[in-house]
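Listed next: structures, encoded as structure tokens.
Across the two complexes that follow, chain A remains constant while its partner is chain B and subsequently chain C.
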Partner chain A sequence: MKQLRLSKTIIIMMIRDRIAYPGRLIVDTFGIAARCGVLLILYWYIFNVKGGEINGVTFQITSWSMFLYFAFMTLRLRDLASSIMQDIKSGTVEILLSKPVHYLSYRVWWQFGAGLYPFFVAAILGTVALTFLVGIPATMSSSFFFLSLVGVFILSSILSLLIYAAVGLLSFWIEDIKPLYWIVDKAVMILGGSYLPVALFPPLMYKIAIWSPFGASQFITHTVYETWKQSYLEMFGIQLTWIFILGFIVTVMFSRAHKKVSVNGG
Partner chain B sequence: MKNELKFALHTIKKNLASSAELRTSFLMNIFGMMINNVSFVIIWVFLIKTAGNIGGWTSADIFGLQGFVALIYGFVFSFGAGLKEMPRLVSSGIFDQFLLSPKSLLGRVATSSFSASAIGDLFFGVVCLGIYWSMIGASMEQIILTLVLCVFATLAFIGATVSIQAISFYFTDPDSVTRSLFELFFTPSLFHGGAFQGATRFVFTFLLPSLVIGTLPVEAVTNLSYQKVVLIGVLSVVWFVLSLWLFKKAVKRYESANFMTFGQ
Partner chain C sequence: MKKIVEINNLSKSFSFTVKNKSAGFLRNLFSPESRTVEAVKNVSLKINEGERIAFIGPNGAGKSTTIKMLTGILYPTEGSVSVLGLDPTKDRKKLAYQIGTVFGQRSQLFPNLPLTDSFEFFGVMYDLSKSEIQERTNELVSLFDLSSFMDQPVRKLSLGQRMRAEIAASLIHKPKIIFLDEPTIGLDVVAKKALRELLIKINKEEKTTIFLTSHDVGDIESLCERTVIINHGSVVADMATSELGKTFVHEKYIDLLLEEKMSNYPELPEGIKYSEKQGDKITLSVDLRKHSVSDALQKVLPFFAVLDIDVYNVDLETVIREMYEATKA
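Moving on to the complex of A and B:
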């Protein structure tokens, strides 16, 4: 109950904070829209040149898959790693650890709350724009799609937060985690199907994308494909397995890191 | 001019020495960035494997593209990382200290910071261009052309970056605006060049020089197109001169910070 109150308070506070700066939101949304838009125009050309279909997938499906990746990115869950690193580098972690609130819960909810408003704005605007431009594929017009989308969204968010929390917590042992963060982030970007949609992956790369935590954290991009109905249970299973494994790793890392810090000490 | 260059080199040397002091972090930044950069090569090479050649582009051209872009980005932002810091310097009022310096204002700002990770980009660019040359079996003419185009593309990159960062003087919170505009300019330069045709090619060549720093140089070298070399040269010089003018004009809008540390 206490945890729920904490999460609610932080999320409301962060949403109010984001609403207070509409200029920043407009600029950020424009940036993502421009990047995603340019990419979609390029793929539109590629699909036209290749006769409208590549690997049995149409441009319509591809564009929705890539859009889901970019919309999910607006949650900025990956910033959790740099927030934790900043707390450790600046020493703020000492103060936060002495509070009667679990440090990781606080950081996770803070991150989630900070991205929620931009996510909804980008998702709604993008959905409207794509619906008018390319239309809605048949795979997205069933209630099964919406229900499974909600499920995969929750699991993807938890998995992403765990991946970036593990990277961030390494700051307790490594002086500069940025290089590691770049590698993990790019693994998520490639295997998640950002610039190259998952349907266009070569077979080996597709297997890596399915079985690695980096690809699993972006299963949201798989929901628009026709294969989703057959594979969703397996994918939920993979996500849950990684959540348990990474949850355990993060818990161990945090308890060790906690012992390493002497709060209010020298 | 000689004195300015001497001073810039001195600052770069000091920045490099100070950065290399934390050796592990310095090396990790360099190698981490090199591994990080492999991502775009993987993405576009796999696209070519799946979809075949697009716009006449092969895997070799992808290496050439990443080589040009990484080399130029690495060169400019390793030694001139201060350019990226301009929004922060302006909004916080730290820009004051540069105005007081008797040296070239833009040169002083650019060399005020150093990025170790950009050295990784620079090395990665050299490696990619080496692979590109060996894949296309480059002649001496193509190698020389690559080097000449690196100079032109660097001018265009500096031109576009300075023009975008100069916008910092027009906003109270310039960080988001400049970051978004820089991404709009830079991200397309990393995309598969063969897919830019018609309107997109026009926009990202003449309105934003994204293709001038990678795609057009690769096509000029691969096809030995001197027409494209001239176009790149002209656009680079225009962007560079324009950026100097824009920067000079924008600086006039700067309102100095006072003792209360109020910037802008």
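Moving on to the complex of A and C:
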């Protein structure tokens, strides 16, 4: 109960914090819209050249799949790794370790809260814009889509947080995790379908995208495909398996990480 | 009096890798040389409830490392720590409910939000009910005189206002002991004085034990009745602050105001030396192990035509500086 109240308060504080800085939200939304927009224009051209369909996928489906990726990105769960690294480098970790909270759980809720407001703004604006621009595909107009979207959103969020928590916790040992973070982040971006929608992947790469934790953390992009109804149980299973494995790794890492704390500057 | 902190033979070492210049890249990568630094060595200490204690030492002496072991942030390499009957490494969260911490160089407040939000947040963190948070916030606002800037974003506050707010926020749960790591760093003299007075008030009114590290002699002199000095990781002195000068400095100063300016200064007996020469005013330092003050005066007065004499002790800053230098490795 206490944990629930604290988590709720962290989220509320972070939403208030983000609202206090509307300029940052505008810049973030513009950045996402620009990146997503450029890719959509490119794909619109390619799909037109190819006669409107590639690998049995239409431009409309591709647009929504990519939009879901970018909307999910606005949650900025990836920033968990750099937040942990900053805590270690700046010594802020000592403040949190002197409070009656579980450091990692505090940071996770903090990160989630920090991204929630921009996520809702980007998701709502993007949905409205895309509905007008490309329309809503048939795969998105069922209650199954919405229910499974909620499920995959929760599992993708947990998996993303675990991946980036594992990377972030490494900074208790090696302090500067930027090179590793860069590799993991790019793996998530590529295998998650930010540059190329997963439906257009060659077979081997598609398998890697499905079975690796990096691709699995972005299964939200699969929900608009026609194959989703047949594959969603398998994909939930893959996500749950990775959550279990990474959850165990992160728990072990954190229990050892605290003993490694050596706050910079004293 | 009840003991609330007991430290026995506490040690902490840090290991880190260093580049071996004579070894190649691969050897440095896979088999790096490691070095160990002993930040704290066999520190033993007992603190009673309600004490105001200064824990001082030069940079790198081990003060902050000790505080961090007392609050459960760092794990000791050896020795035992008990704070309020709890082991900080095993009962970190339980202990956190009963202690407060302020790290002068780091903020715990939300920079973009008003102070009210930070108070609310810490209240929830310490599991206080809504009405308890409100009541305690009102108490702290009045005690620390925060009302004029409670609704301002923290980043808009002056350093003095922010430090008052930091300390107030760390007291939201009425801790039994508060650890302050350089709380007056960067503050002007007025803000420092106000903060010291507040800390004394809290100590008296709420019986909060104060454990403070500082490089500011004013903090130690005006706030702490007991001083523990640490250097190179070991305790070199632990006594009443008022006793420090008497125990460690065997020196007194004598100011002589002369009838006329001097250009040739006579040689002085052994144990008495010129500390300052300013024409018609000279300052002599007397080694008390060699001369008493009256003996020194009898010996030096025949050399000078004197208008006025002033005898005084060295200030605490000099005492501490001399102690740091005496315990240099």
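In this text, the second predicted complex is superposed on the first by the 260 of 266 C-alpha atoms of A that agree within 3 Å, B and C clash if a C-alpha of one lies under 4 Å from a C-alpha of the other, contacts with A are read in each partner's own complex, and residues count from 1 in each chain.
The rule is short, and it goes like this: contacts are C-beta pairs under 8 Å (C-beta built on N, C-alpha and C of every residue); 3 or more make two chains touch, one makes a residue touch a chain.
Predicted model, so just to flag it, every value in this text is computed and none were measured.
Of the two partner chains placed by superposition, only chain C is touched by A:Asp17; chain B is not. Applying the stated contact rule after C-alpha superposition, one finds that A:Leu200 touches chain B and leaves chain C untouched. Of the two partner chains placed around the shared chain by superposition, chain C is the only one that A:Lys2 touches, whereas chain B remains out of contact. In the superposition on chain A, contact is made by A:Lys259 with chain C only, not with chain B.
Taking chain B and chain C in turn and counting the residues of chain A each one touches, the greater count comes from B. By the touch criterion defined above, A:Pro179 reaches chain B but does not reach chain C.
In the superposed model, A:Met189 lies in contact with chain B only, and not with chain C. After overlaying the two complexes on the shared chain, residue contacts for A:Leu97 are found with chain C alone; chain B is out of touch. With both structures placed on the common chain, the touch criterion links A:Asn55 to chain B but leaves chain C unconnected. In the superposition on chain A, contact is made by A:Leu42 with chain B only, not with chain C.
Overlap of the chain B and chain C interfaces on chain A comprises residues 21.
Chain contact summary for the complex, chain A toward chain B: residues 21, 23-24, 27-28, 30-31, 34-35, 38-39, 41-43, 45-46, 49-50, 54-55, 175-176, 178-180, 182-183, 185-186, 189-190, 195-196, 200-202, 205. Contacts from chain A toward chain C in the complex involve residues 2, 5-6, 9-10, 13, 16-17, 20-21, 90-95, 97-102, 258-259, 261-263, 265-266.
In the complex of the two chains, the chain C residues touching chain A come out as 14, 60, 63-65, 68, 71-75, 92-94, 96-97, 99, 101, 103, 105-106, 108, 110, 112-113, 117, 120-121, 124-127, 153, 179. Across the complex, chain B meets chain A through its residues 22, 24-25, 28-29, 31-33, 35-36, 38-40, 42-44, 46-47, 49-52, 54-55, 117, 173, 176-177, 179-180, 183-184, 187-188, 191-192, 195-198, 200.
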